[in-house]
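Common to both upcoming complexes is chain A, partnered first by chain B, then by chain C.
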Partner chain A sequence: MQSNKLGWILLAPTLVILFFFGVLPFIYVVYVSFHSWNPFAANPDMVFNWADNFRRIVFDEEFLNSVGVTVMFVFFAVLSELIVGYFLAQAFMKEFPGKAIFRTIHTLPLIMAPIIVGSVWKLMTTPSIGIIPHYLDEWFGISMNIGTSAPTAFATIVLMDVWHWTPLVTLTLIAALVSLPPDPFEQAQIDGANKRQIFWHITLPMIAPAVVATVFIRLMDALRTVDEVWMLTGGGPGSATRFVGVHIFKEVFPKTNYGYGSTISVIVLYLTIVACWLLYVTMLAPRTKKKG
Partner chain B sequence: MNFALKLGTSALAISVVATSAYADDAFWRKAAEPYQGVTLRGVTESSPPSLYIREVLAPQFEELTGIRVDVETTSWDQMFDKAIKDMEAGTGIYDMVYIEQDIIYSYLARDFLVDTTQLLADNPALKAPTYDEANFTTFADYFEDAEGHLYGIPMEAFIKVYLYRTDLFGDAEIQAAFKAETGRDLVPATTHEEYAEIARFFTKWGEDHDLDLWGTTAQAHTGHVASWYEYYESIAPTFGVYNWGIDAANNYAASVANGGTMNSDEAKEAMTWWLSMRDIAPPESPASTWTEVGTTFGAGRAAQGLVYGENAGWIAADKEKSLVVGNVGVALPPLAEGVMEAAEAGEGYIGYYDGGAFGLPSTSKQKEAAMLFLQYIGQNEVQPDWAVAAPRVTNKNTYDDPKVQAMNEELGGYYDMLKDKGYLFAGAPAYPFHAQVREATAPTFYKILIGDLGVSEGLDEMAAKAEAELTNLGYRK
Partner chain C sequence: MANVTIDNVVKRYGSVQVMHGVNVDIEDGEFVVLVGPSGCGKSTLLRMLAGLEEISAGAISIGDRVVNDIPPKERDIAMVFQSYALYPHKTVADNIGFPLKMAKRPKAEIDEKVDKAAAVLDLTPYLARYPKELSGGQRQRVAMGRAIVRDPQVFLFDEPLSNLDAKLRVTMRVEIKELHQRLGTTIVYVTHDQIEAMTMADKIVVMRDGRVEQIGSPLDLYDNPNNVFVAGFIGSPSMNFVHGMVGMKDGQKRFVSDGGTVLPLPETDAQEGQQVIYGIRPEHITVGDGGVPMNVVVVEPTGSETQIFAKSSGDLIDALVKDRIFARPGSEIGFVIDPVNVHLFDRKTEERI
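Showing the complex of A and B:
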């Protein structure tokens, strides 16, 4: 009983901070989402409008488009990071000359702020001055212009995200792989299992919790991507890279549509929770159930 | 005798100037006495004029008065974001905010700003002897209310001009080739047809001679509002489409069906022409905002283009940044028939008169001290060096200063044009819903740029979206 009380006392500062900086703002956003509120409208006051904003969102083509491109971005980016990250983690499990230097260089993108990453990639991809379009043209005769080609802009952003975040995936998977006991692998080899069988039946199930945790982190990060995209394409060309974070930013800040912008934020939070729950149910829950 | 007379006159002049400067210094010191220890905070766009305030004027003022001034220079988007949030929430972080000419009406509608005329009238002890609203050019009118009260101290003003390369236009070989191809002399264009002809000629000339040279610039970013602004502020007016095609007097109509011109034949012709220019501009144009257009021109990659005046200075004179120093000329933008006559008659305009002022937020906790600083930067005395460091003119007598006149030569007569032809240009229309309509229509605009929508269909959709947004905001009944 006494230790329980001590626990609450120790937790109290965190809970207070969480309440004021996490829960309270969220409640306020939910409250605003039921209002029409644009300070530059003819009536700048907050007006309660029931669920009008939520009804509007269902028919909002720009929002639905932004959700669509975000889902595509999350799928391609996170999947690529997982695959590339796994192979890199496996490579780092082995000894090779210059491994320490390579591993340090490989993790450098992680320490860069997203806005810097966006700036660097903008410099690298701007037609005429960027190194990537220059060499693509010189070596392969390929004309690359992220200002005019929607698929190119989208692919560039996926590539930029992969470059930025794969090191995180690699590091978490290295940690998972290092912690695996050698016995099951030795046993499988004695029983004549090949590499693919070992991967599917031993390695993957054993590192699944780490994979799921990594995917959760990357999924949530990718869903709120704004800075890099803002810097690189501004959401263009057209709406090709107007991800949901960029869409919310444009709705809330330049357009000052606080009410509707809050509604979009609430819906996006809900979609993120649902996506994470689905991921948990499909990837981790069956394992937990089997164990039970 | 003559020498003695000259010496005596000079001594008298120096002593008058020195005495008056001393008297002025005395005013600032005395007026600042109640505000010792105060720190003023301002937020502005990171532009050459603003950097001059931060690096030169703020330290000078601090040395003179003891009032510290911290000027935060940031990106255009961030500047508005920070200022609006501060004024909306009433936190009072900022004592001075940059007001771009096009946002002033939104700020006034929300009572965000202090009436500086009234503040000085109510506090005569604050009024600097060297500050006078009458010193400002007519650009200050954009920051006044109906009663002529000033809500922002003008700090930068420039027009978006037609820049051209004098070295290329004056090259005998190029002139001969142009004449042979077109049958006319190579001179700056006055019509869209001429402009397009020159643009096509130079783009082809660059290709034929393996040069990184194109015939025109284009501020045509496919995901940034800079392209929207280029079209509505610089291109559409030259075809006779004014105020974004919205008729405020006619229930804020945007579509032709309701009395607007956003999707008029002239608007469609303007867009088609502009896109055709974009297609022969340097390849970076679809990723270019106003900054990159200046960079493109300064790098010598375009023979002509519409460039914001704030960039004209460094393009024409800064050898460290520009490759075309001494080779820049200025002209009025090319126009459709009847547009110049309409502008002369005050019924239209030929381009964008850009600029901004420093305003005093109603939420500021140091209004009086901030008003002192605003007067300091509005004095005639500080203007010439500022105009040389960054090509902007806000006070009438700045044009006559020898330093500014020398700079005018370097800029190919830019200041003369600003002074003599500035009245033909106009700032943004007096809409309190500036950013809202822009953002509501921008996604469609970008679709036109990348070809997802045709010009006609796209402008029809934009007009419909503008009207829907105006209805939603409660302006259109």
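Showing the complex of A and C:
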């Protein structure tokens, strides 16, 4: 009992902070989401309007479009990060000259704030001053303008996310690969498996828990990407890169639609939970169920 | 099935040479045990046979094919690791069937062979389980099952029984030997346990520091060890060694230890005054009248036999006798040594005389 009490005392500061900065605002957002509230509208008061906001959201084409763009972004970005991250992790498992320096440089993007990453990429991609459009034009004769071409803007943002977050995937995969016992791999060689078979039958199943955990983290992060995109494209051109995060931001701040913005937040949170649950059920649950 | 030839094989890690020209000929269907203390190179040699380590010089052939540059998967060998190396995410059936699946055999054939192997190894009730749900002995058998479904040319065993408890080890020893008798496939087996080597092998290869010390049948090594190392390594409890020289007494050659103990000698080419090491196995000493007088230090009764440690002029000699002997420490006892069982080694080279 004594140690139990001590445990709660030690936990108390965290719980208090979590309650005031996590639970309370969340409850408040849910509360606001059932109201119509725009302080700069004709009626600045908060008016309870049942589930009107939720009804509106189902038919809100801008919102549905932003969900679609976000899902595409998450799919391409996370998949590319996994593939590139896996190959980098495999490369870092081998010894080569300059490995330590290269590994340090490779993790640098991780310590940069997203807003800075956004600024750097903005500088690099702005037509006429950016290094990327300059050399694309000089070497290949391709003119690149993320301000006018929707696919280019989308691809650039995916690329920026890959650049920013692949090191995280690499690090977790290195940790997973290092912890694998060597014997099953030698055994598989003797059992007649080639490199491709070893990857699909031995390596991937053995690092699957780490891969799924990484996908969880990246999925949740990618779904709420705002600042980098806001900096680089501002959601444009048109609505090509208007991810849900950006959409909520635009709804809440320039438009000051606090009620409707809260509703979108709640729905996005719900969708995120559903996506993670689906991922868990399809990738991890069958394994644990069979084993149990 | 195939014979295996290890011809003057050398292994270097950078500038460090760890194996110095090893030669072993293994006949088709033979059960060969590589034995030696830790670090003697026996596991490295096995891994070179498997293709998991490169061969720095020399050649290894399986059948009539030199396999130096052939990858493990094309060598047609099966290996059982000390850790069993089971695939943790696959069921017992999938583990056993894995080599066949990699060889793209039809599903029906895989199922049939897996069922057959499981029946042989008493694993049928466990086919749907995962490795972590099995006991050590069962995991060991799954690893063996995975080896036998392939019907390889050679089986390689790397200390497969080291992780099992003493009782299970004896059972598995019998099972592996039985398996060899039934399949007749060539087996190369690595162990540091000389009892495993003695009980299972057709031929034992004793190794030390990357060299082969002696090759022979178990009884051959027991009766005629080439040097002090083999004599001390083979046999349990290990042979007594007494340092001294050859002397003369009553017109006959006798051994006189550095401490002055006089022990009987067989017919020998050793010259009077030659410095030698005198070896006698504990089980070749009997207790009786007219023996070498010794002072009892410790008596260890085990029920079926009694081990007596006794001293004479500073030389400690250990005897293992079938009788129950009740001697008090400090009392005098006679050790009778039949000269026929005595081994003499040169003191400098430690080679047999």
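Definition applied: the second predicted complex is superposed on the first by the 282 of 292 C-alpha atoms of A that agree within 3 Å, B and C clash if a C-alpha of one lies under 4 Å from a C-alpha of the other, contacts with A are read in each partner's own complex, and residues count from 1 in each chain.
We adopt the following convention: a contact is a pair of C-beta atoms (placed from the backbone, for glycine too) under 8 Å apart; a residue touches a chain by one contact, two chains touch by 3 or more.
Note that this is a predicted model, so its numbers are computed, not measured.
Aligning the shared chain A places chain B and chain C next to each other free of steric conflict. Contacts of A:192 after superposition on the shared chain: chain C is touched, whereas chain B is not.
Once chain A of one complex is fitted onto chain A of the other, the partner contacts of A:179 are absent, as it touches neither chain B nor chain C. Put chain B and chain C next to each other and count what each touches on chain A; the higher total goes to B.
Looking at the shared chain after the overlay, A:282 reaches neither chain B nor chain C. By the document's definition of touching, of the two partners only chain B reaches A:39; chain C does not. The superposition-derived angle at chain A (between chain B and chain C) is 150°, Cα centres, a multiple of 10. Contacts of A:201 after superposition on the shared chain: chain C is touched, whereas chain B is not. Once both complexes are placed on a shared chain A, the shortest Cα to Cα gap between chain B and chain C comes to 50 Å.
Residues 38-44, 62, 122, 126-129, 145-148, 150, 233-242, 250-251, 253-257 of chain A touch chain B in their complex.
Listing the residues of chain A that touch chain C in their complex gives 181, 183-184, 186-194, 197, 201-202, 205-206, 208, 287, 290-291. Residues of chain C that touch chain A in their complex: 50-52, 71-73, 75, 77-79, 81, 83-90, 98-99, 102-103, 130, 132, 146, 150.
Of all residues in chain B, only 77, 80-81, 84, 88, 106, 109-110, 212, 220-225, 282-288, 301, 432-433, 435-436, 438-440, 443, 446-447, 449-450, 452, 472-475 touch chain A in the complex they form.
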